[in-house]
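Next come two complexes built around chain A: one with chain B, the other with chain C.
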Partner chain A sequence: MAERMSALSEQSPSIWRRLDPAAALGRLSESRYWMYLLLVPSAILILAVVLYPTVYGFQLSFRQMRLNRPDLGTGFVGFKHYIYMWSDKVFWLSLRNTAVWVTFAVVIEFALGLVAALALNRNLPGTKIMGVLILLPFFLPNVVAGHMWALLLDPRLGVVNDILVRLGFLETYKAWFADPSTALGAAILVEAWHGFPFFALLLLAGLKGVPDDLYKAASVDGAGPIRQLRLITLPMLRSVIAAAVILRVIGLVNSPDLLLILTGGGPGQSTQVLSLYAFQKAYKDFNFGYAGALSVVMFVLLMVFAWAYVRVSKVNQD
Partner chain B sequence: MITTSRRARLGWNIATYAVLITLTIFCIFPLVWTLLTSLKYEADIVTQTMQYIPKRITFDNYVAIWTQSGFPTLVFNSFVVTATTVVLCLITGTLAAYSFSRFHYPGRGVLMLGYLVIRMFPAVLMIIPLFILMRGVGLLDSRFGLALAYTSFLLPLFVWMLKGFFDAAPKELESAARIDGCTRLGAMVRIVLPLARNGLVATSVFVAIAAWNEFLFALMLTTSQGSRTWPVGLQLMVGEFQLPWGVLAAGGIISIIPVMILFAIVQRTMVHGITAGAVKG
Partner chain C sequence: MVANLTRRGLMAGSAVLAASAAFAPMRALAATNINYWHHFTSQAEFAGLQAVMESFAKSHPAIQVTQENIPNPEFMAKFTAAVVSGSRPDATMVTAERLADMLAMEGLVDITARVDAWDQKANFPDDRWKGISREGKIYGVPAFAFVDWGYYRSDWFEEAGIAGPPATYAEFVDIAKKLTDPAKGRYGFGMRGGAGGQKYVLDVMEAFGAPVVDAEGNIGLDRDKAIEAVKFYAGLFTTDKVVPPSAPGDGYRQIMEAFRTGQTGMIWHHTGSFQEISAALKPGVEFKTFAIPAGPVARVARLAYLYNAMMKEENADAAWDWISYWGQTEPALALLEKTGYFPANAAVVNDERITSNPLYAPAVETLSFGILPANFVGIAGWSEHTVLAAFQKVLIGQLSAEDAVDEMIAGLEETK
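Then we have the complex of A and B:
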């Protein structure tokens, strides 16, 4: 009996160790499937909350579903929506506007973000507070950013108009969002203001990870700031840049928020983009089927872009 | 030689200041203007000649937005949704990012692309079916349901960004810990996570801001005051009551205060970022 007891007490530490969740997880991490197990929690969440609705949405694009026309039913209509899209002038206009919108916004935002990050990374005295202030616009929600710029650019109360008139650039106040020739440009300005801190913050965080030794070695070898940027900084930031550009493009293509608040696609259809058009088809016309088809086309175009971009920047090979 | 390099440095310093001052003005002028507008009487906003510096100041707009609407509830709802989203992302996303960063295995490339593809799903395509699904499981018009939706579409952003930071953390220290008898999990928790700490904080802040600001999903998935977040509430007020510019501006200013506090904390953590320290030292 006493022997047994002592055997038990000798065993108990190892039993305790076996039941300890941290130790159990530690042993689990030595399994050859550990890299897959790490993905399980996020994968479950994504499958349940993203994949199912999306598959549902895909099949919606092949169905008739108009909430305000229940008499039409919800039967399958094949490629009807896609065929209609081919002859839909607004669709082609939205596609063109989306390309303009995304290209200009990303190029301007990346350029401003890189300049800001490089300038902030020099850590000159007094620039720390500017770093905080420059990053601020990104924190602002679209709802506030939109209304703020609507106030700034207002045709009657807009301070931007007032300044431009005082400086002599404008004769009279201009209705930026009411003129089809300036509406998209003005919206891109707002988007650039709103989005460039995203690049600045990511690139700055990336820059902090670049070892100083590389720059010291480069300047000993006689490389100037421009060559250091080209030969050290940009290559070292490659994966951060790739991630930032892809995420921004996806965000810009998919989210109609800012344009919805600023212009609602107008005047006419001059600021209509694909995401906004799909949104309006769903929420104004209650035409869920056609909205689904528009979203599917948007999604396929994005997939092609991301595939090509990942190929080009070779982020998978590091 | 020395004088030219000193002169060059002076030139670069001047250029740096010029760039930063210009960008700062561009960034904060709309904010300053909104702040000024929020402090003006409505009569001073709608004037013939622009008032740059308000002649008189009032806090009426702040009192109006805070007491005459459900704004406090809206802000609290947003806070709960945001916090829940960040916790869910940290738990699930960190593991996935670590897997992608540290292991090379069959299917890794495809899986990474898969996570990216999720991010590309158009919100408009997901929103209607998600509405039906959430209604089916009783998560419609609930803060947790909204946080779940946010987590799932913010996870890819979180994972991809964090992978970049994990990649930047030197692998040598981890190998040394493994040789000293650490399990893989031990090496990850004790070596890699502390090394990537500023990355973890930066990515968490991104997710928090995205959740705090989100508009479309909240508009669709919340239907009552009980779970409605503040961007939706504010936008609805603009539509319903023809919200005056001053009150709208006050609401906007209130909404960015928590964000500014959050960011102030991140600034400090980034300065003392342990990754940079470890790499340099």
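Then we have the complex of A and C:
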């Protein structure tokens, strides 16, 4: 038998070489398919972790899924949830509040973050300690920050009210979260306090990459600090700003926790936002189908925003 | 030391270590561990839970209870996730209004046979089981009762020459007006218009003749009577102005703070806050308790029993021992002493430690006329998001009482 095999191998060495797995792998590694093969594990991981849940979320929005109404089944309902959403007043109110909430929070956070980053970038004595202090709010979990500010702004015991009354800005303590004209504004300020270090951190990292020579040259040409900011700093930070704004907007649109603690969406839904509404529909009404539809709308809005923002900011041209 | 270590010694040492490791789990298995979910919030409640756990550990040394606190607002979210993902605790706290939703998710274990064989069952009249039963099956054991009542500043009453607590809504408004003095920062009534306030809106509507579930079990609202009720209740804030301006956002913590710090003269709550208020104000001197006053049509005060239930069959005996322990005399009284929560066990209510305290008298009185909260699938979400939101809109002037009730009725239809 061994003799026959040996004879066979001598007769046709190429057949054995072809059947040898190591040789086959060697040949494959030299082919153009090798790179696709190397990508397979990552692709499987992405499919399992990112794509599957996303697709599941989309298909959930087309199904009946009320956990406390098993009698309704879990069948396909087409665009029922989206049609209902069209006439749902709370959805439109939440959409408007989401726009206000995100726009004001991002603008204030960006402004504060830029000021903080410019100050920290000057390398003055004590800036390292100041850097840590400025970042502190961001280290606090939303839940802790929410409860802390609920107490600080409390209409009876709140320190903020006390200071404002002593300074003469208020006659009596104000119930910030009980008044619809101030509830969303107060929540935005709390969010701005909590979120501005995110911008400060990213913008500071961006500022470290701006060459000093540009400022020196601008100084020689007579440009003052404002012109330097407008013509050098902000254009040089364009990519960082674009990334920071997109990330922050996504974070704000998707996170209901701060509003959940501060107002619960009230009074009278005056601080209701889309993420909070979806959360309540899922976990209070157990209507996961409708909550899924709300989430899909948020997803689409965020995708459109990110696409439009990248185009408008021309960050791709850098 | 290392130089003296021989191969034989190393082998022997390894064998001893391996044997110890093999026996260690057996020792651990000697005690059954069970997880218990609850939504206690206050320091007094935690002290009560600790007292019950300690006495349980003494009487059941073979069972180890691990308690896990789930904040009440997130409780159903966590419950849902546990059921869907199959990571259930052994036992959980259950409120009657959540039972329908929990059962619809098949989240609780039927314990009818265990309850029927329980020697304490006779001490729990039928009404105790109503809130935890469906179609003849029992899903939990009553642990204690939230008996609705009110607290009033007896020192303020004396100061204002008011003889005693109100017995009707009309008297209640009268007294609230007398106690209100915004210049002094005093308001007659601490309205809970924020989180948790929906319960009182439903109670007032029922007191005006608009129960959400009628005597025949039909779900719906009598529009006219509900409007009258909302006008009355919201009017305390909008027209009578006997309520602090913060009312639309005031939840439990805020109404308690306001009462304890001398901003409000009366609040409605239940017996569970008794110890907390006693820690800040002198019982019988600075504050007293009163039974919820009668409305124009009915006197509505809830007897909301709180139950403990089992969520899975595994460790069922140990879980049963734990949940049934709460219904016995000593743990019930230990909890009462720490928190003020009333025993669900009828035999314990007659204990001298309860009957001899005059401040408990309104709770004992309420036991005779109190009613269970309404319970149907979807009521928790509807009351929290539709009823409360609509009522808040009336408080802040965004809706009329008529429109608010229409929103409530429309929301109610969606639960069907």
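As a working rule, the second predicted complex is superposed on the first by the 271 of 318 C-alpha atoms of A that agree within 3 Å, B and C clash if a C-alpha of one lies under 4 Å from a C-alpha of the other, contacts with A are read in each partner's own complex, and residues count from 1 in each chain.
Throughout what follows, a contact is a pair of C-beta atoms (placed from the backbone, for glycine too) under 8 Å apart; a residue touches a chain by one contact, two chains touch by 3 or more.
Worth saying up front: this structure is predicted, and the values here are computed from it rather than measured.
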{"item": "Winner by number of chain A residues touched, once chain B and chain C are compared", "value": "B"}
{"item": "Partner chain(s) touched by A:Gly57 [first = chain B, second = chain C, both, neither]", "value": "first"}
{"item": "Partner chain in contact with A:Leu157 - chain B first, chain C second, else both or neither", "value": "both"}
{"item": "Contacts of A:Ala175 with chain B and chain C, given as first, second, both or neither", "value": "second"}
{"item": "First, second, both or neither for A:Leu38, with chain B first and chain C second", "value": "first"}
{"item": "Touched partner set for A:Pro267, first chain B, second chain C, both or neither", "value": "second"}
{"item": "Which superposed partner A:Tyr82 touches (first chain B, second chain C, both, neither)", "value": "neither"}
{"item": "Contacts of A:Tyr309 with chain B and chain C, given as first, second, both or neither", "value": "neither"}
{"item": "On chain A, the residue positions that both chain B and chain C contact, one per complex", "value": "157, 279, 282"}
{"item": "Sites on chain A touched by chain C in the complex", "value": "67-70, 154-157, 175, 177-180, 183, 260, 263-270, 279-280, 282-286"}
{"item": "Interfacial residue positions of chain B with respect to chain A in the complex", "value": "12-13, 16-17, 19-21, 23-24, 26-28, 30-31, 33-34, 37, 45-46, 50, 52, 88, 91-93, 95-96, 98-99, 102-103, 105, 108-109, 111-113, 115-130, 132-133, 148-149, 151-153, 155, 157, 159-161, 163-165, 167-168, 183-186, 188, 198-199, 202, 209, 212-216, 231, 234-235, 238, 245, 248-249, 251-252, 255-256, 259-260, 263-264, 267, 270, 273, 275-276, 279-280"}
{"item": "List of chain A residues in touch with chain B within their complex", "value": "25-30, 34-36, 38-39, 41-43, 45-46, 48-54, 56-58, 60, 112, 115-116, 119-120, 122, 124, 127-128, 130-145, 147-149, 151-152, 157, 159, 162, 193, 197, 201-202, 205-206, 208-209, 211-213, 225, 239-240, 243, 246-247, 250, 253-257, 261, 275, 278-279, 282, 288, 291-292, 294-296, 298-299, 302-303, 306-307, 310, 316, 318"}
{"item": "Complex contact set, residues of chain C against chain A", "value": "73-74, 76-77, 80, 84, 100-101, 104-105, 193-195, 244-250, 254, 257-258, 261, 263, 377-378, 380-382, 384-385, 388-390, 392-393, 395-396, 398-399"}
